[in-house]
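Going in written order, the chains are labelled A, B, C and D, and every chain counts its residues from 1.
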């Protein structure tokens, strides 16, 4: 068996631990393992496929990043090439990719990536490539699995940041608005806000009313709590629509400059008269050493993916359905992304503890 | 509603976060909350019951320990009192406890504790006290719940320690034996050993053969890996029985002095000729700031316990059955403690990655 | 002796540890201690002075923030009051402050603060108040002392962030520009950049040339290091002047939106064609638990300040001149703020290791 | 110039950062660099000398351990060899070492190590080898330098441990005795005990009286502080002598089993009736990622050692005399090891804050 591994999309703590586990589990079965560099780009004429041995994965289990690197250009279905007029044109190179994989004698591919990579994996699977998926999403927005590696690390990074802001906020009677990742799913904001004792949590799944947010800040003031912490997912938006409201209330400014955190901080400062500051956590959430939870889950995912190869569960991805690791069809997963359920006990817990969602 | 909270047994990171969540959730319902000090001792003539308000729980969500303190003396079913000859005698003071609770107008009790405390809670429930349980165990040995608060923190503490030993072991060509908690259940050893890239993991659920352990150390030596890391649960024991073997192989010494880690280090040093050192993590695993995972789970457990009170689910405890929090009868939980399943995918993953269980 | 403590200016990890040490040392001498709330505002009619006892400082040694809180409004020399037309007018209320201190029977004041607070302390000292200073600056820009508390914590926070960016940068072939504090002094950028293996460090003391910065990025690319990390102090500026260049090169944009990190990222992306991202660490650097170094230094400063009171060294501040704590006249300190010496061995070390300062 | 590097003695966080800085600084000067494996053993017939390039030191700045490894067998002055009767005999192989170094064309050696390694370096220097020293000691017991790398990391590890014990101690009304490194010098115990708010600190420089220790525990009990934390250096001993007292009070037991921490815990439990537990931090203090302070100091030491080579300061070691790095004769350093000064302001601070040294 000649197995190939690929990592695609944004960085997530635990990628190297998945690679390490898969390589060790495969090598211990007597398989040969190859690493495709930069997503699938390594199979697209860039000719960048390297052997992965026990030596290659030594001591990488606790390192962030991916030794295979990743790429935003490597989508074989929409590969960007300079067109006749010089501007990039997307071409489908999936047949070429499959041919190259065959030429290299690759029997199966483990594709580690987010919804984008999983969609590619599904398409390649449909075209005959033998693929197993490993879900990767910092946002926890892939369905079918309780969680994925990287999410726990991101949440802990965010909690650490909230903890740091807390003492300053309290000493200075300030409002802090902290922006975390989550374009469509507010799990990082919800988990870090609840664990970090935020006062307001704003997520894409629950549109907010800025008046309610300010009312919470004022209510705290009235009982002597003259500071507040707002944790906001980057994709949160006010009631009435994503596009219009922020722009309308802050004419002459685009969200791009400053982001939602800065916009909210200004709105709160204007309306409550309290000093408000913003912080954008950004890429800090994607980097660094994975937590114990993520290191363990990554190892289990990596080994389970090799088992799925042995069992020929092509077109499936590994998933955590606690306490077990299972495999489920990638097609099912892609059909319905995961979102925060506003009726979930976690949201309910936050509300019962007095945290406002701005609704 | 006048609700009382109690924390019993050994320390676990997250206790204060449970208390905080329960108090806020109860106060926000308009309930009155009392804290029973030192397990149940506060209701046994020590007259140590304090009001718990929003103020009492301010800023405690990320602190280790319990503001209610705990006790090894407070078991009302076997309360230790000086007997006629001065030596302690156990008496059943459960009726007195229930009477005292009624005299204080306590309508319900949330008992946060391990199997010992849950057994007490069950007995008090059978005698008519309205009790809801919240499971607490650093070892993860309570069944019916995927995990409990404190366990993730303990595992991370153990992983951090393994990481530290790794670099020294490698630089010095040494064997390190690290002992973690787990008298009957090896979850901490399994999770930290796997996530921390240990070479050998010894747990109570899989008796070990010292020859197999030493063979693993030697096999690594032969391929140029001249160091090894052994993670051992305190309750691990060799094939053939807990009591005899260690004593036999190390005459004149008791396990009490030095513990299993030191005993193993000497055996490995004698048999392989390699320098071996031991480390006992001990109470480091019970203390400190809870991880994000534990802070979140604690909040959910605390709020869910208050919901269980509102729903009058007496004699039940809250439990995590991912992704939901449920309630299950305490009696069911006590009937079958949780142990590492040697067939679980986590054990399988470790084996596939080349980790030895000494069997 | 009735001693009063005050904390002023921005937050810095270790403030509470200074307070704790000073209170314990004073109380153990049999002194009475008062805490002035919100800088000096507590003595200016806001009537906010509280007794500080052994109980008040229990368990605060490792907490960020200050239990005395702080304020930007409390400068008694330029106290902001609504003027006749409603806009704020600065008035000198130092005489009132001294009178209030005397009315409260305050014998001496320990003023913990940055250059602003020290200047106030000096002025009050000149007017007859008995003052001892404790220097506080996250930027390490106070002269006369090797370092001050809070700086080590800020540097470690910045290093942790650089470490996180590193793995993502390498996996994605990206340039990351990380902005740290340091309006006039580049110590945080220098120390975190050097310890964090940055490729470029930009500080106010060494004006940079954007072409040199880009040349470093390209030079790395040429030898296969297709990512770069730039650490920039907020006050860094290009050769030719602070005000003009950035504005000129990025017309239509103010630095205010996005800051120097974002501006640099765009310039680098435009000139090198490499994907570049920015991150502003901001208030994360001021918050959280102090490091061991800062906890120790804070304790030594707090106790030394009490000793300075006992020795009546009015108008002096405590300072670290390793390995000793000394006292030096505040007036001397104010005369010459500390800056990074471009000839220092730390800058030299960075250069010798191949780090560029963009000059 | 052909430069060789060697690391000797016990592990210390920062060794790799020193190596990295020295290699980069030397390579950037156009020098060739060799690494001697396992202390000086690599030059003693084991023929283990490897080239060190920019590639060799990539990404090692934040890793614990040493890529050159270390050894307890490599002392060329007392090299252990099997004697005629099989038992080891020490022989002086320094001439052989120098001859081998010359044969390899080595022009100068940077020896990174503790007092043992520095003594070897000094002897080799006297015999004509061109040597520069870099001091390494986890205990901070090398004189002439304010501190060395690794010490700050060890202190932070110890403080983290004290913090963890604190919450458990308080919740359980317990005494914890924590043992840290320091056979002859009590700096780790002093710094971590003071920063970690210990109640008792026992160090070799101040012999203790067990009655005074117990009196402190009881005094705390009387004012309602029913727990205590004792931090003890491994080399602390009671008034009256190292050897006798402990043995006398605990007949039938050797210190070897359990160590001073366990012995103290039993004495305190017996005398005060309070539950007492012990913890030995051990090798945790030598491992792991260096702190920012140590990473910076290591880089400065590594680069300064290369500068010292360029300046031909043979027989000198680099040293921190804040804020500068200087070089001082190794012979001077060896003459007087550093100890805690019982009159230092740090000890005084601890006393003033109410911490007992048991004297």
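To be clear about the criterion, contacts are C-beta pairs under 8 Å (C-beta built on N, C-alpha and C of every residue); 3 or more make two chains touch, one makes a residue touch a chain.
None of the values given here were measured: they were computed from a predicted structure.
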Any chain that touches chain D and chain B: none
Identity of the chain that, by mean CA position, is farthest from chain D: A
Rounded Å distance, chain B centre to chain C centre (Cα mean): 42
For chain A paired with chain B, centre-to-centre distance based on mean C-alpha positions, whole Å: 31
Chain A, residues touching no fewer than two other chains: 163
Interchain pairs in contact, sorted by label: A-B, A-C, B-D, C-D
Touching residues on chain C, where the partner in the complex is chain A: 11, 15, 63-66, 69-72, 157, 160-161, 163-168, 170-173, 176, 253, 257-258, 277, 279-280, 282-284, 286-288
Of chain B, residues touching chain A in the complex: 21, 24-25, 28-29, 59, 61-62, 146, 152, 155-156, 158-159, 163, 191-192, 194-197, 291-293, 295-296, 299-300, 302-304, 306-307, 321-325, 344-346, 348-350, 352-354
